[in-house]
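Below is one structure, written out as structure tokens; comments come after it.
Order of writing sets the chain letters: A, B, C and D. Residues in each chain are counted from 1.
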């Protein structure tokens, strides 16, 4: 079987590298095109990332010899890849325009950037939660006059540790009205060089610019409904988020307090729902999909980032400390790998879903 | 002026050491008696802590030469100190009985231990919040047949980062109904050797045994009222706490969401109330009391443990990120030094208050 | 092909767990017997390590259900395993006697403990360096009246980052006369709970009990010659070691200065020798052996523990910063994974060699 | 007594801030002039460092209201300060020219920068080691046609942990021929933002650009002799340095191996020499000088950065683990505070010496 050729925009950055590392040996996809800023353009990929390669894994065969192209030029990608992952790092306006130009050039684009997350006809996709949102693609293409190209984005990494568990409860029939979340986020989320070590030795920082807004708002779009060619955001749950940076390399942890509607599940029922949770990616047996999207830990002191972030290819969400709450109804701790589940791994799973559904070929 | 002679129970442990370090050069008190487990008894204090002294500051003149006594024998303390600080580390039942025996022997005891925190006629004292609770001492003495001895305790270190700010709002006339708190606590709270480094490098632990219960319940006793010779616990606020251990040496951080009653202060008003807050220890100019019990930081990314824990002799609570909340009414981040404000420093300030009020001499 | 049944002594400790994790899916060996202290004896392995399992990988099929035996009783192992890995944690004298009793009971024993490292007829084995030392086994058996049992040990983890590179240079014909080594060692080397986090946040500890002596002396036995039924220690190189503990989870780093004899290789030649180095385990293609025992890094700032410790199944030694020296002749930085290359992984490679050579079956 | 007005060049950077923090309350000097890049010029100092103030201590009275001047314009400083501390952060050539222009304008300049360290008539000053080097100032002034201005620099922070101890032995009559040093250096040495946290969590970096050369060469100038109007560098000791970055906020640790000449002191003698060491700054009782320049620790596991860096106003060098060596003659571990002893504190002590000797007034 011939593999589908893939392009990576922003290939030299940290998320771009993570995409390339995770795609090494992928059964369906193969990296054949890499693009970055004009500064890197013209170099071999190997030279462009010399001394800056961060992933523990190596890139796939042939990637080091690819010549890096200028990401500002979509035409260079045409004919060289069937679709692209976008991990661009520019001003939001510029990213939005550039991503549009790739789609306009007939290239499906799966984006890590936040530029298009609030565009009403662009799905913010967690493959286990809202796979049906991809059905908006034909309307998106029609509205913009795009033939083959389209845009799908993935949400912010901070929400991944609680959105799937909350969705699983909603899907089981329990309304979730309000949530207060406090996150402890890994430094890899800020890229490289990112967070100075003077801020992370014997210290934490109780602030990450823009992160609380994303953590509060994005789940409502993901939990929304398709209607009239747009995604109508859910009105519940209301979310309040405190976002903190802590001295952890990878893995975002969230302490969550939930208020249910009238119908309130027992702790036992919550654990049962989560342990039993399975969705379309599991049914389709997508290569990047975890066997069990939610892993329930019964130990007192889990999940912990270093010990649990790599569960099931770093794609599972680990939850623990499931217990009652004196103010709301339920408390738990959720944990997910921010650069795999929350970034490149999630993007690849999205692409696998789009391929099976015929949007990518 | 002759200084009042003080004894330290559990003098070789981490909190005991902190007491001794902070009392070096104290204008009113002088350490003249040290007691610990039978294992240390008979040694000079210098020998007993050889290679185990943790504080950055040295002990006061003469302390190294004191002979460590057996803490199980209150009679040895009689005549050698006017009162004791208890930093014993034993089973709760044993501590309770031993603390009673010191009080019974006529020695006032100010305790760091949790053993007596729920004894109804024992005040859990934060000198800025409930100084009037010490007026229960005569009733406590009478009920137990103690003449000069009595017991006062300090609360758990985890609550100090939010209890004084919340009290300041209540004192300004704003009812606080419900609170959800998520803490990020320093490793010094677990003593030495305490938390293994394998748990604190590239990791956090979302669990501290018994800490959430204390964080939720103790504020209600502190905010309670004296009536009929006992302290009647307040019914509000209802508190739900998530307690986490993070790789920080000293300084507990709390992310707090508050729900007010009918009357809701503006953000500006909240900051004004906190900046203006002053209480009896400030009025009496107690040596250990901070000039400003609550310091409001306006920067986006403060308070931070390494940068703010030492504010005003490590006795001030620093608050920041004061902002609204999509679920409740107010959010903020509070920070206090757990082994000073939250342990030995708070205990010393309590003793200073008791001295001025004539309970210690 | 039927796998060879293996036993693990000290199976519940950190090194024992590492053995069990690394043996999951091993092509030749299968864990069938686990023994530990009387406290764990009688429990299933699963129960015995509940809440204490440290490795990122899971144990192999069936291990969780094995009933833990008392390690003090060699007779329980007879018939249940073909050989044992010893990761006992007791007083040295007791370990030595107990290891002898296993060998006496006919069970070959490959030990992680230091008890037998200076027994003259017991080889201290690094499979790439001194594989010929296993030929002492018949003499060892004869001297002690053992028929099938024997003892082979592995050296201290701290020496692995420099001993193989130094040996490679010696094997290429360059005498190494003197060495000054300064190590920065990971906390996992101290087991769990091990090093307190209060010592490893914003700190390093320039001392590890007993480690400098091992780091200086053990290489001379490994580089020694078989003669008259004993191993005669090499007289060179003279080594002086500074051993430091640093806040790193896994991976020991060594800064090394070398003085050669008359014949001095160029930097280019040193790199060539190391890159080309291959030994008996590579020739035999042993499952645990790294393809390239020494990986030369050309970047200025490598090797680094988090980025290089896992190279080639965490079994390769990474070297970098190869440069001249104003005092001696050569400087370099060596790095190896202390619990894999330096402990359980090295032990398994030793067992593989013994199996191919017919000592284990 | 009127205080001497002082200027700070590079006042908004990390070293400049440290100067300003340490000068708060200084008995002789008062900060009256602050200069930085054109970007900061025109702002009040308070505004210029808003959100970037790193020291734990506050600045002195009045400093926040000073208007920051353009450091490129020496004429602005004339008449506003008696001398300047230079903590400029620019290209070396530019710093050298700019420092010359301050001296040419009649302003004595004490520099933290490396630009002038190898200028033969500029002293590299550690006040306890080579105070007599300031006697080169008249020759320096004459050669350049400067009347009142001159330049004195301080050495690199990395050498402070071993240069004073080594000098003390030389001063006691023991020739030191060769040294091999391995440092573990704090992140504050790289400024802010400086070292990325992704490099310092669960990691160390065995490389700091340019640091090994400075660590090897600068001591020879400091230990040199004045002759013919220049400083003639010492030929011994030969030094080889390995410089490593470790996750420590402040405090550089050095593991040192020494080879003496014919006359070799015993361990007892070495400790005696160090404990007894006192120099001109102690004799003159300079305000910033430590009472004991070298503190000998007898514990097995000291010095440690977090516990020992602040000894004696963070100006003392702590040494420990004094022991023999199988390769050379003596080994020890030295530790000093890199931003105080090794930067601003050392610079202030130099200025105090220059004041007492009449070069500053």
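We take it that a residue touches a chain if its C-beta (ideal position, glycine included) is under 8 Å from a C-beta of that chain, and two chains touch if they have at least 3 such contacts.
Predicted, not measured: the structure shown is a model, and the values here were computed from it.
**Q** From the centre of chain C, which chain's CA centre is farthest?
**A** So the farthest one, by centre of C-alpha atoms, is B.
**Q** Quick check: more C-beta contact pairs at C-D or at A-D?
**A** Higher contact count goes to C-D.
**Q** Find the geometric centre of each of chain C and chain D from their Cα atoms only, then give the gap between the two centres in Å, rounded to an integer.
**A** 43
**Q** In angstrom, rounded to a whole number, how far apart do the mean CA points of chain B and chain D lie?
**A** Distance between chain centres: 41 Å.
**Q** Whole-Å distance, chain A centre to chain D centre, using C-alpha means?
**A** Roughly 48 Å separates the two chain centres.
**Q** Out of chain A, which residues touch more than one other chain, so two or more?
**A** 199, 201-202, 247-249, 300-301, 306-307, in rising order.
**Q** Enumerate the contact residues on chain A facing chain D in the complex.
**A** That would be residues 54, 187-188, 192-202, 247-249 of chain A.
**Q** Can you check the complex and tell me which residues of chain D touch chain B?
**A** Going through chain D, the ones touching chain B are 51, 56, 201-202, 249, 299-301, 306-307, 310.
**Q** For a test of understanding, state which residues of chain C touch chain D in their complex under the given definition.
**A** Chain C reaches chain D through residues 178-180, 182, 184, 199, 201-207, 209, 216, 238-240, 242, 244, 246-249, 253, 255, 257, 300-307, 320-321, 325-328, 331, 333.
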